[in-house]
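Chains here go by letter, A, B and C, matching the order in which they are written, and residues are numbered from 1 within each.
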Amino acid sequence: MAGLKLDGLRKSFGANEILKGVDLTLADGEMLVIVGASGCGKSTLLRLVAGLETPTGGRILIDGRDVTQADPSARDIAMVFQNYALYPHMSVYENMAYGLKIRGLRKAEIRAKVDAASSLLGLDALLDRKPRQLSGGQRQRVAMGRAIVRDPKLFLFDEPLSNLDAKLRVQMRGEIRRLQRRLKVTSLYVTHDQVEAMTLGDRLLVMHQGVPVQLATPTEIFERPADTYVAGFIGSPAMNLLPGLMRRNGTAIAVDDSEFALGPQRYALPDGHPVFLGIRPEHVALAADGMAWPVEVVELLGSEMLVHATRPGGATLTLRTPNAPTGGPAMGETIRVAFPAERIHVFDRDSGRRIEPA
Amino acid sequence: MERRTLFPGKLLPALLILPQLVLTLVFFLWPAVQAIKSSLEREDAFGISTEFVGLENFADLFGDPLYVAAIGRTAFFCVCVTLLSMGVALVLAVLADTEIRGRAFYRTMLIWPYAVAPAMAAVLWVLMFHPQIGLVGAWLNRIGIDWDYKLDGTQAMALVILAAAWKQISYNFIFFLAGLQAIPKTILEAARIDGARGFRRFRTIMLPLLMPTVYFLLVVDLVYAAFDTFATVYAVNAGGPGQSTQTLVLKVYLDGIVNANVGSSSAQSVVLMVGVIVLCALQFRFLGRKTVT
Amino acid sequence: MRRSALHLIPHAVLILAILLFALPIWIAIAGSTQDSAAIARGEVSLVPNFDGLGVYRDVLLDGSAGAGPVWRALLVSAGMALAIAFGKIALSLPSAYAVTFFRFPFRMTAFWLIFLTLMLPVEVRLIPTFQVMSSLDLINSFTGLTIPLIASATATLLFRQTFLAIPDELVEAARMDGAGPLRFLRDIVIPVSGANIAALFVILFVYGWNQYLWPLLVATDPKLDTVVIGIVKMIGVDTATEWNKVMATAVLALIPPVAVVLLMQRWFLKGLTEGDK
């Protein structure tokens, strides 16, 4: 039985179409991370699944049950909000017990469940405190405790780590991952941070302007991005996309007056077909007889450096290279680069879509 | 709470604060002191000399059944006006806060009554409830209910309570609405997901978070009912029939100005002063230093 | 659960409430245009009679039994309301500025003395204040009407709260630019407090316009009657009351304060709810 199934989900606000049709099936116990820039519709999607908004079209099924018209309280879900949404006038214990009280559980049962959740999250010492007496990380854990205690069919996370400082974020990321794995609850997690997405998700859904662009495992998305948007979004610094033309019957790409071989692969594209050559900064190699690029800026990052080069025509290239003890490329120098054939990605210039070799 | 960045100088600020300070001393503190002084004195029959009589005026006051009755009456009046106006305002604010269409229109239409003077509230309700000319008043008499607030004390009390509460609903509504809108939406959504709906959500989440507003309005309304309603009660029937609507503030006026009993009136003023100070002190304790700092 | 009739209930209740407030006013508007004798018999109708609009001219020029021409009363009310509004703002702003932006001896004492005025509404210091006015020979004067109502602390507290919130960087930048305290007050503090001043204006104007007890006491000359006092006098003259004129005067008396509240609604709401807390 699928943990969550979305069937042609659409949402418009007046004339503004935010979600243009989303189909999705989550396996039971799977953690799916929805990632995209602001405005792509990911939060709207989450709120539809939560029942805080009603869809304009399509269906939502949680654990096989059609909940499209159901009230949030009837969906058996729990949500962790970006700003935690803890009840300020209740203690930590009361915050976690609230939903259970409403469901009519007996005091002893509530006590047992809250204690179990609080020891899982390390909140035992804080049960009597009010939210305003807690730090950001502690509040975050209480918000999660409140969700866990309900033992729901589905967890929803709405950018829960955005309000934490960088160090805390890394720590909490790990905790969320461990918790979800242990409890095996189907989870939907929304974030704009691609690092969070890559580390937390069993699968990722990249969204762009209301449309799902790629649904795949993190590795797949990193190694084979479905289009130029995903290619530019995942991976930091972003993948280089150089405009070029197909050559040699689909076995090479010409960028300006340099040519790059595509290896043993052959692409079913005619010569002269406009494409983007995609190459990640960490895969750009320095080669004595390669394409010339004048260096504009060099950023030293400790163990490695980022080199930004710009050609007279305006095209830019970023490359990442370990910090050489003798010092690497300097500003004003011209470097020569080569792209290993097996690292080159080919995208159709008009549609932006990835092209696989024939 | 104080500012960290300041300007130097001592003369300038003293000059800036002087006008208000002078007016405060002359028209607030000096009269207050005078009231206390007068309350401890009594004029002789000819109004020529005054003698110090200590707390006698107060003893007389609390020994006077009319005064004690007035205290009870005023308390009853204040509680009724406060409960009625807060209750109605809360219901309206909760409804106006929901996602219904035309919210802005409803809000505007419920805010303008703030501008109505207490005296005007009385005039308007008299126009409605006058036994002969009032739409409602005349109708009541026609269907057989003996309605004449000029003769019946209970009816008079009902009328002034209604008029006074009616006028204050708007003020309470404004504050309740602001208080409700200050509750973060996500907290209400979390409650919804936790399973709380409708009245339960109101009782366990919204009301507790509204308590500062409730305490604040409680004090404001009680002070309003005790003092600002002078015009309302006076305009309806000057405290009549007899003494049935004579609240404490009316008594201060009637005894002091109309009956020229300065000693008694001053003592009454002092009693009222103490009452206000106690109320304000209570508000201070509940809301903490938020009222001042 | 979605589209039941239940979701019409909020609308019904709110509309009922609006009618509850509008009804007395409507009765006054409609009744003002009708025949006084008919009203006295209890036959006031909810439909205004457009031929009767002349009553407004009559009441403005000649008043009614028990009260003088309404135009004069409106003028007195307007004068009083504006004087109190402007006076209180002009008085409280410098005081709040002094208390917030400076340190001087007895600063807190002065502040608490001013704060004390909150607990002394005019009804509580009625007779002695009257005696003070009398000794200053201000009875029956316009000054006597307004001054005792100007000095109380509500505006000072509101301004103080706003001033406390002005960012430190603003003050430091201004001082580096060479601005002294008075220039800072004029060029920065007052503009920044614009919304508060507007809100206070509405609150004080309404407060001043609606005063009853104090003007009743201080002004024995009928020429100094405010319109609110005038109306109460009119309904006091029971047998000879010309009800249509009373209603017309009521309508006239309500227009200015209601207009001020409605026109300046946004600032008013902001100032009221952020200031008193």
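Here is the rule we use: a residue touches a chain if its C-beta (ideal position, glycine included) is under 8 Å from a C-beta of that chain, and two chains touch if they have at least 3 such contacts.
These numbers come from a predicted model, not from an experiment.
J.: What chain pair shows the greatest number of contacts?
T.: B-C
J.: Farthest chain from chain B, going by mean C-alpha coordinates, please.
T.: Chain centre farthest from chain B's centre: A.
J.: So, what's the distance in Å between the C-alpha centres of chain C and chain A?
T.: Taking the mean C-alpha position of each chain, the two centres sit 58 Å apart.
J.: Calculate how many whole Å lie between the centre of chain B and the centre of chain C, each centre taken as the average of the chain's C-alpha atoms.
T.: Their C-alpha centroids are separated by 16 Å.
J.: Tell me, which residues of chain A touch at least two other chains?
T.: Only 71 qualify.
J.: Could you list, by residue number, the parts of chain B that touch chain A in their complex?
T.: 184, 186-187, 189-197, 200, 204-205, 208-209
J.: Report the residues of chain C in contact with chain B in the complex, numbered from low to high.
T.: Spelled out, the residues of chain C in touch with chain B are 7, 10-11, 13-14, 17-18, 20-25, 27-28, 31, 39-42, 44, 46, 91-92, 94-95, 97-105, 107, 110, 113-121, 123-129, 131-132, 147-148, 150-152, 156-157, 163-164, 166, 168, 171-172, 175, 180-182, 184, 206, 209-213, 217, 228-229, 231-232, 235, 243, 246-247, 250, 253-254, 257-258, 260-262, 265, 269, 272-273, 276-277.
J.: Report the residues of chain B in contact with chain C in the complex, numbered from low to high.
T.: 1-10, 12-14, 16-17, 19-21, 23-32, 34-35, 38, 88, 91-92, 95-96, 98, 100, 102, 106, 108-120, 122-128, 132-133, 135, 138, 166, 169-170, 174-175, 178, 212, 216, 220, 223, 227-228, 230-231, 234-235, 249, 252-253, 256-257, 262, 265-266, 269, 272-273, 276-277, 280, 290-292
J.: For the complex, give me every residue of chain A touching chain B.
T.: 50-52, 71-73, 77-79, 81-83, 85-89, 98-99, 102-103, 146, 150
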